[in-house]
Every structure is written in C-alpha cells, then in structure tokens.
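In the two complexes below, chain A is the common chain; its partner is chain B in one and chain C in the other.
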Partner chain A sequence: MTQLVLGQVLNGAIIGAMYGIIALGITLTFGITGIVNFALGEFMMIGAYATYALAERAHLPYAVAVVPACFISAAAGYLSNKAFFRFTRNNLVNGLLVSIGLISIFESAALLLWTATPLEMSYVLPGAIRLGDVGLPKMKLVVFGVIVVVIVGTYVALARTWLGRAAFAYAQNPEAAQLMGVHTPRLETAVMLYSTGLAGLGGALYASLYSLEPAMGGVYVLKGMEAAILGGIGSLMGSLWGGVILGIIEAVGSIFLPTAFRDAYGLAVLVAILLFRPSGLFGSE
Partner chain B sequence: MTIVRCLLLMFAVVALGVASVGAQDVVKLGQIEAQTGPNAIYGWMSSQGTALAVDEVNKAGGFSVGGKAYKLQLIALDTRGEPKEATVQLKRLIEIDKVKYVFGPFLSNVFLAVRPYAVEFNGKILMWGGATRIHDYIGTPDHDFLMRTWNWDTGPNGFGELMVDQLVKAGVKKIALLYQNDQGGKVMEDIYVAMFKKKGIEARLDYFEPGTKDFSTVLAKIATWKPDYLFPGYADSYIYDIVRQATEAGQLKKFFLVRGSLGPGLKNKDALDEYVVYVPKYFEEAEKKDPKVQKFIASYKAFYKRDFPYDQAPLCSSSCYDHVYMLVEAMKKAGTVDDPAAVKKQLMSMTYDGLWKIRFDEKGEAVFNFDVVRLRKGGAIEVTTVNPK
Partner chain C sequence: MKLGTTLFVLLAALPLAVRSDFVLTIFIFTFIYGILAVTFDLIFGFTGQLTMFHPAVFGVSAYATHLLVVHAGLPFWLATLPSAAGAVLLAVVVGSICFKFRLKTFYFAVVTLAFAEMIRLIVLNWNSVTNGTLGLVVSGRPTFWWPGAGWVAVRGPVAWYYVTLVALAVTVLVCVRVLRSWMGRCFAAIRLNEDLARTLGVDVFRYKLLSFAVGSALASFAGGLYGYYTGYIDPGYLGINQSMEILAMVLLGGQGTLAGPIVGSLILTGLPHVIDLRGELRAMLYGAILIFAILVMPRGIVGSLVAWRARRAA
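So, the complex of A and B:
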C-alpha cells in the first residue's frame, strides 16, 4: 500500500503540473490584466492539435514541432485579445461571455478540421523509470520537468526584470503605471500572448501523453481554474503548487475511494480550504 | 405543319424517356450512426460499408420488385454518438424523408434515446442496429420494428460466452474490468460480471469518468490486485490510452476485449504480453482465402480512393454492407418495398452468405461467424474462427 500511495503522490504531482501550467495562464491574465480568460483550455487544444499536425503530418521532430505550436496558439490568443478580450478588462461577466463564445467557435472549428474522433501521436519517449514497484513513464517526467522550469522561469522573470516589475505595477494601478512610462496596451498584449502561448505549450506536452479530442480543453481549464483558486489567484508559484496539490488529492483519493468520482475529490478539498483561506493557499489577503 | 408534328414527336419521345426514368423509383434508406466522435468506432465503418453497397446496387442498375425497377438512396446522418442529436435525426428521417428502413444505431445510449420515438412507428418502419440494449427490447410487444444486427454476448451462440470459455480453459482465475461510467459501461457490467461469476472467475470492476485521459491511478490500484487479465471498456478512444499507460508503467500486460479493435494492441505490441480480442472478421487473414472479402476490399479502395481500414472493417458486421444486400433480397422476396413487416418476415427466414454468413434467431437477433484474435508480444497473431451452431 505504501508503494501504491507513494507512486500516486508522484503521479499526481506530474498530472497536477499540467493543471499548473493552465493555472499559471489564468493567474497571469487575471492577476495582471484583470481579464478573465476561461477559453485558455481551447488555446491548449490548439497547441495540441498544431503539435499533432506538425509532428505527424509534416513529420517534424516532436521537440521542433512544439515551438511553432506555441506560436500558433499565441497568435490565436493575440487575435482573440485584439478582437474581444481587451474590451473585457475588470468585467467578469463580459470576460465569461467572450470565453464561452470562443470555446464554442474553437471547438466547432476543431470538429470541422479534425472531427471528434480521437487522434494519437506516435510515442515520443516510450518506456518508464522504475522506483521499486513504482513505474513512472519517462515522458511524464520530461513533461513535469519542462513545466517546473517554465513556471519557475516565469516567476524569476517577473520578480527580477523591469518588465516583471512593470507588470506588477500595472496589476496594482494601471494609471500610475502608465504615468511611470509603462506602455500598458503593449504589456496587456504581451501577457495575453504569453498566457495563451503557455496554454499551447501545455497542449503540446499533453499531446505527447494522451489522445486528442476537440473537447479536451474544457476539462483542463476547469482543473486550471481549481488549481489557480487553490494556489491563490495572482500567485505564480501558487499556481504550480495548486496544480500539484490538486493532482495529488485526485490521485491519492482515487486509491481509497471510487475512481468514477475522481474529479469530486479535488473539488471537495478546494471548498474545505477556501472555507479557512478564502484567498487560497498562497494568495495574499 | 410537318415541323410542328416533328416537334410534337420529339416532345413525346423526351416525355416518354422522362417517364421511364421516373418509373425507376427510389427506396430510401436512413442511417443514424456515429461517424465521428469518441465512440465513432461503433458507426464509422457501418456508414462506409452501407454507402459502398448502395453505390454497387445502383451501379448494377438497381433491382426489381413486383415488375418495378428501384434504386436505393441512402440518407446517412452522423449522430456523433449524441443521443439528443440522433433523436432529431430519426425524426427527420421518418417524418420528412419518409424513410421506412433505418440502419443503426450501434450505440446503446443512442438506441435508448430514440426508442420511445421509434415505438410510435411500430409496423411502419424497420430499424436494425447493433446496439447491445436492443437485445432487451427485441421480441417484446410494440417492438416488431426492431432487428439486431450484431451477435449477442451470452448463450450457447454468444461470442462473449464463447470467449470467456476460452479463459476458463486457459485456467484464468482473476480478471479486472475497467469500464467507463456510462450506459455502455453499465451494459457491460450487467452482462460480464454475472458471466464471470457463473464461470468461476473472480472479477473486480472499476469505473472511470467519461472523458478521463490519465488512467495511471486506477491502473496502479488494479495492479495491486494482480489480475490475470485486464478487460478494458468498449471504446478505442479510451482503450488506446489504457493499454498504453498500463504497459508503459509495466503494471498490466494481458488484455481481454469483447469490444474495441486490435489497433491499441498493435500499437503497443512490444510492451504487452497478450491481447485477446473479439474480431467479427480478421480481414488481413480472410483476404488471403475468401474471394468475397477480396472483392469487398477492392471495391472499397476504388470507391473511397484510399487504403482499406483493416482495423475498422470488422465492425462492418453490423448494419453495413451485407445488410444492404440482405434488405434488397428480402424486398424482392416479399414483393414489396413499402411493407417493412413483410420485408422483416423474409429477413427472419433468410441465411445470407456474404462477407459473413448471417441469419437471425427467432427474436430477430443476428447470428454470424466471428474470429477471436490473440496478439502476443512482438506482434505474433493467432486467429480462431468460430462458427456458432
């Protein structure tokens, strides 16, 4: 049993890191620009299908295909921001409505282009590493490593660079930031590009592990939202920790309780934590 | 005057020609199958094979019933496995297109959704689909419109029972069942949990949420129970992920399937030990010796101008290519295209020798020959053909 629990703690952490990358996108967009983008899962889907197309149809090596896939996803994010999201700043309802519309448009487009039949990529890095009785697929470990590097890198970049400080200033008081020389429209665009590009990266990594379906984004944006709230909206490292904790709760909960209700376990713990810490585990009051 | 007569004569000739084309009436066939979607494996091939057979019949000049020439018109709608969508589509087929012969559905959730509406047309339509849940209604009052085009799992001719018997002979003691928490999964539970118990095999059932992609936790949980085989769900969209994750982590390496294709096994052939699957026909082997199969494959390639889908083709055993020809034969014998009850009567007494040798039992459920394919590590394949009595 100990081996099983230990194995699932590790596995849950890896799956949770995938939630974390979406949570990071949510926390960046909302925390800095005040824009609610519930359609991030769709940008993840775009990244996943773009990776599939580039790797399986255009026969690019997977590692090469990931880069343009992120750019394609970011480009879709840029267009969505210019057309819709920039008008929804600090307006939760409008952001939600725009997101719902975009989810519908992107999913329908994916259905037309790829049909709803699941697609599976060739295995990028098959095999597993064994730790006693626990087998961890190599590709999952790579995905975990990439996500941790990206999240920590984002944190460091925001904490140590002028752009990062400008972003925090913008989050606190956009007018004051503008008076201090921050080009706020450009900053807003940059945040949107980065967060949708991140979602595209999440999709590209997802494609190396699981089969693809147009509706895949819906599940992940919910998990990302849960992770972001659990970690505390606005906390970058909180998004990673929120995702990891959520992944572990789901994985370990499924050992002792029926797996058919796996999603409920994370939600139950989230509600319990929010009762005591309404701003999340790492969020400021 | 002569010119006017000539024009009148020409008009008469053209009018006669038009009348003779019009005399070749059309029999409309409706189809409600999932051509796309996570469960498209149950529907896509049926839609492909039906369209091919309809084209062949029409290109051969159609068929004659009661001295009148007919051609077929197929109205194939993609349900995507969505019950609500299928209900609207069936309504359109019956009420707007005036279809009397409905091919499908293959999915139980779709059948259960359309059934209450279809019952209203009992005696006026013939619906023949492969859905497992059709078994519960076939032969019951108000369901004369139903025929089931797929083998049933249990009983002396049941493919599932015959396959489980093979496990019993091989000395299997424990089997883990991993199904999706939906209508299809419940059907499988109803059939197989009781069957394993009856045969003395200890069974353990776990459900997963539809939409799940990561099965590592439930697979690890199952692995601690040390089953001899894993019996995963019924849809390839999940089976691909399950087989990959189970073999990649080295947790479970033997699989037993009564639904789903050989594809997930072949993709992971180097990592698994054994993959036993019910395949209505193993086309790769059948192509070598059966001229009908060779002709079907050649026709498919010519019609669709693409490679033959060997992995999907076995699912053409339900409401597909053979069934179009069976229906035409039955209409000829019944001497009518407008009376589904009379056509059904002919179908019930028929044994059709096509890609499969198909007959119907007293309730209207298909009985046909099938293959059991055993894939071993590295890709070695052993095929056992079963001819039910």
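So, the complex of A and C:
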C-alpha cells in the first residue's frame, strides 16, 4: 500500500509539474496584462506537434528538436498577440473570447495537418530507475527536472533583474511603471512570448511521454488555471507548488476514492482555497 | 418594446413564407440557445456576474425533465416545473456559497465553473440513472391542447418552431418585467458599483442571488426543450464548451442588451451551416470571424448599433 501511494505521489508530482509550467504562463499573463490566455493549451499543442515533426519526420535528436519547437510556439504567440490580444488589454471577457476563437483556429489547423489520429513518438530515453519498490521511468524524471529548473530559473531571473522589477511594477500600477521608464508594450510582448514559449516547452516535454492529439491542450489549460489559482495568481513559485499539489491530490485521491471523479478532487480543493484563502496557498494577501 | 413586438410578429409569420426545413431548424436552435443566452445575459450583462454555471442548469434540467416524464409519468410541461425548481435549488446553493464569500469576476467564474464540472462528473458517472457517456434517447414529445383537435404532440419543424419561439418570447418578457422593476435597478446598481450599491442600502447578496436564481430557472426550460427537440441527452450538455458558446453569443450580440444575445445566438448557430466548407476549415473560419467581430465591435453588434444611433442623434 505504501509503495502504491508513494508511486502515485511521484507520478502525481510529475504530471503536476506539467500543470505547473502552464500555470506559470497563466499567472504571468494574467498578472501583467490582465488577460486569461485560455488558448495557452493550444500553444502547448503546437510545441508538442512541432517536436514530433522535427524529431520523427526531420530526424533531429529529441534534445535538439525541443528548442526550435519552443521558438515556433513563441512565434505563434507573438503573432496572436500582435494581431489580437493586444487589443483586449484588461478586458477579461473579450480576451476570453479571442482565446476561444484561437482555440478553434489552432485546433482545426492541427486537425488538417495531423488528423485526429493520436501520434506517438518513439522512446526518447528508455529505462527506469528503481527507488525501493517503486519504478520511475527516466524520461519522467528528466521532464520533472527540466520543469523545476525552468520555473525556479524564471523566479530567480525575475527577482534579480531590472526586467523582473519592471514586470512587478507594471503589474502593480501600469501607468506609474510607464512614467518610471518601463516600455510597457514591449513588456507585454515579452510576457506573451515567454508564456507561449513556456507552453511550447511543456508540449515538447509532453510529447516525449504521452501520445499527441489536436485537442490535448484543453485539459491542460484548465489544470494550469487550477494550479495557478491554487498557488496564488501572481506567485511564480506558487504555480509550481500549485501544479505539484494538484497533481498529487488527483493521483492519491484516485487510490482511495473512485477514479472516475479524479478531476473533482482537484476542483473541490480549488473551491475550498478560493473561499477561504482567495490569494492562494503561496500568494501574498 | 414596439420593436420587440414587431420582431415577434415577423418571426411568427416566417414559417408562412419560408418552407425550408433547413432554415426553420436553424431558427429552432437559435430560439433554444437564445433562451440560454438571454438568461446568461441577465446574470452577466445586467448584474455583472460572469457565471459559468449555465451548462449545469441546462444539462441537469434536460435530464430531470426527461426522467420525470419517464419515471413519474408526468406530462412534459408539468415536468419542466420541478426541473426548474431543481435548477433554482442548485443555483441558490452555488450562488449562496459564491456570494457569501464575495467572489468576483474571474474568481466567481472559476468557482461556478468548478461546480459545473463537478455536476458534470456526477451526471457522467451516475450510470444507473443517466446511462453515462452513452446518454439517453428521448422518444416522447411534448403535447398541447388545440381547439377542435384535443391533445396533439409537437411534431415537425413548424410546430417546434412555434413552441420554441413562444418559449423564447416568454423568457424575454419575464426578463423585461424583472429588469424594469426595482430588481432590475438593483441589478444595475450592483453591476456598476457594488460597494456604492451596498452603501446605498441595496442588499447586494440577495439581489445577486435573485438574478442568479431567476436566470437559472428560465434557462432550465431551454434544457427540457433541447432534450426533447433533439431526442437525445448526453453529458456533453454540461460541458465547458457550452459555457464558451453562450458567452460568445452574448459578447458577439452585445452584453447588457436583450436583443444582443438573440442576435448572437442566430449568428453563431447559423454561421457553421452557412459556411460551405469542410469541417476543419469551417471551424477555422468560425474562430477567425469570432475574433474579428469582437475586435471590431468590442461592445457587440447590438451594442455598437445602439452607440452608433446615439452618436447620430447627438
């Protein structure tokens, strides 16, 4: 039993890290631009399919394919920002509607290019590490490690640099930040590029573990949003913790409670958090 | 109101001129979704609460109406009433929780979404009652009394057209009455400035809940009608996509208006059928139109028309 629980905790943490990387994008975009980028899951899908195309069709090594995949996803994010999102600043519902439109566009484009048949990549890194009685695939550990490094790296970078201070200043008061010499449109573009690039990375990592289908992003953007709220909107490390906690709740919950309601356990915790601690577990009041 | 009556008469006369089942079917869906969109707008556009709970109300009442007809032997119209009561009960429970804790905008949306998802999971997994993913086939038909003919079943596009048109008209009328009363003024006060409304003595909690309950009660009829019209109910009725669809209709047509949601409903139900392309390209074009419409007219079609007329008059 302990070994089952332990296995599920580790599995949950790894899935949760995937939620976390989307959550980081959501938290950054919402904190800086006031838009909930509901289409972030689609950028994840773009990253995943780009990785697939580069690794399986163009025969690049996986580790090399990940980098251009992130750039492709970020480029798509840049274009959507330039064409659409920048007109919906601080307008939650219109931004949401633009996201809905984008989901429709990207998903049907993926269906045209790749059809609805799930695609699977060949094993990138086979084998597993045994931890006592629990076996952990090496690739899952690598994915977990990469995500943790990226999120912590983002946190450190934003806490230490001028850009980070500018971003925090902007989130607090856009006009004051502008008066202090922050080039705000550039900052907004940067946030959009970074968050969609992150989603692309999430997708690229996802591609190495699971099979791909055009609608894969929908679930992850919801989970990412849950994770972002759980950790506290605006809190960077909170997005990682939020994701990991959400993943573990779902994984462990489905051992003791019916698996069919797996998604509900996270939601129930989310509702409780929002009611009793609206700023999230790690957000500041 | 004059405009509304004219429109109603024109729409009522439409089946006399247009015999195409294709067009009538689009209008039937427009009317049913119109009920959802108008009631959503009552909560969102008029009271300022971005609810994502509508699909839950819609789906649960579709199931409830059908199950009451099948298991309790009630006639369709009688069965819609306990379903509406159930919808109100759900809305009051969820609304009380949200409004007691003063959840606003994004957070209110997320919590109502979470509750709607939980209800969807229950419906999805309660196999003995809802038949799970497979859904239920609805074979009965609503009946009504017709002078000279006695009880007749609603059959064929023309009959359904009138049933749904009248249902939408009743919904709009109730909304108009509510909005013109003291309730509507309290809703507007809450939308414009909640704190100020509270200071002026508006019981914010009570009126938010009232708006949520009235909107949900009316929306529940759409669920019953939809299930009986399509002859099929499945858990997809409660999906998040439904929320997005309704939100798109309201924003496209114009939030905070009663005509807007109906216009949006007509466009978004008609559009996919009018675009004569293969599935994927159609979805792509649909998305593009949605985005451009909202960028060009941030206040929606009706909202922009109203603003344009006001500018011309000035």
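Following the convention adopted for this analysis, the second predicted complex is superposed on the first by the 285 of 285 C-alpha atoms of A that agree within 3 Å, B and C clash if a C-alpha of one lies under 4 Å from a C-alpha of the other, contacts with A are read in each partner's own complex, and residues count from 1 in each chain.
Convention: a residue touches a chain if its C-beta (ideal position, glycine included) is under 8 Å from a C-beta of that chain, and two chains touch if they have at least 3 such contacts.
Everything numeric in this text was worked out from a predicted model, so none of it was measured.
When the two complexes are overlaid on chain A, chain B and chain C sit side by side with no clash. Of the two partner chains placed around the shared chain by superposition, chain C is the only one that A:Leu112 touches, whereas chain B remains out of contact.
Of the two partner chains placed around the shared chain by superposition, chain B is the only one that A:Met216 touches, whereas chain C remains out of contact.
Of the two partner chains, chain C is the only one that A:Leu274 touches; chain B does not reach it. Contact with both chain B and chain C is seen for A:Pro258 once the two complexes are overlaid on the shared chain.
The superposition of the two structures on chain A yields an angle of 70 degrees at the Cα centre of chain A, opening toward chain B and chain C, reported in steps of 10. With both structures placed on the common chain, the touch criterion links A:Ile15 to chain B but leaves chain C unconnected. Legend: residue contacts after superposition of the two complexes on their common chain; A:Val93 is shown touching chain C, with no touch to chain B. When the two structures are aligned on the shared chain, A:Met225 is found in touch with chain C, with no touch to chain B.
Legend: residue contacts after superposition of the two complexes on their common chain; A:Phe84 is shown touching chain C, with no touch to chain B. After superposing the two complexes on chain A, the shortest C-alpha to C-alpha distance between chain B and chain C comes to 5 Å.
Taken together, the two complexes place residues 111, 258, 260-261, 263 of chain A in contact with chain B and also with chain C. Those residues of chain C that touch chain A in the complex are listed here as 50, 97, 101, 103, 105-107, 110-111, 114-115, 117-118, 121, 124-125, 240, 244, 247-248, 251-252, 255, 279-284, 286-291, 294-295, 298.
Contact residues of chain A toward chain C in the complex are 30, 36, 84, 87-88, 91-94, 96-98, 100-105, 107-109, 111-112, 222, 225, 229, 258, 260-261, 263-264, 267-268, 270-271, 274-275, 278.
Residues of chain B touching chain A in their complex: 36-38, 40, 44, 80, 181, 206-209, 211-214, 216-218, 220-221, 224, 236-237, 240-241, 244-245, 248-251, 267, 271.
The touching residues of chain A, when paired with chain B in their complex, are 1, 4, 7-8, 11-12, 15, 111, 115-118, 120, 123, 126-128, 130, 135-137, 209-211, 213, 215-216, 219, 250-251, 254-255, 258-263.
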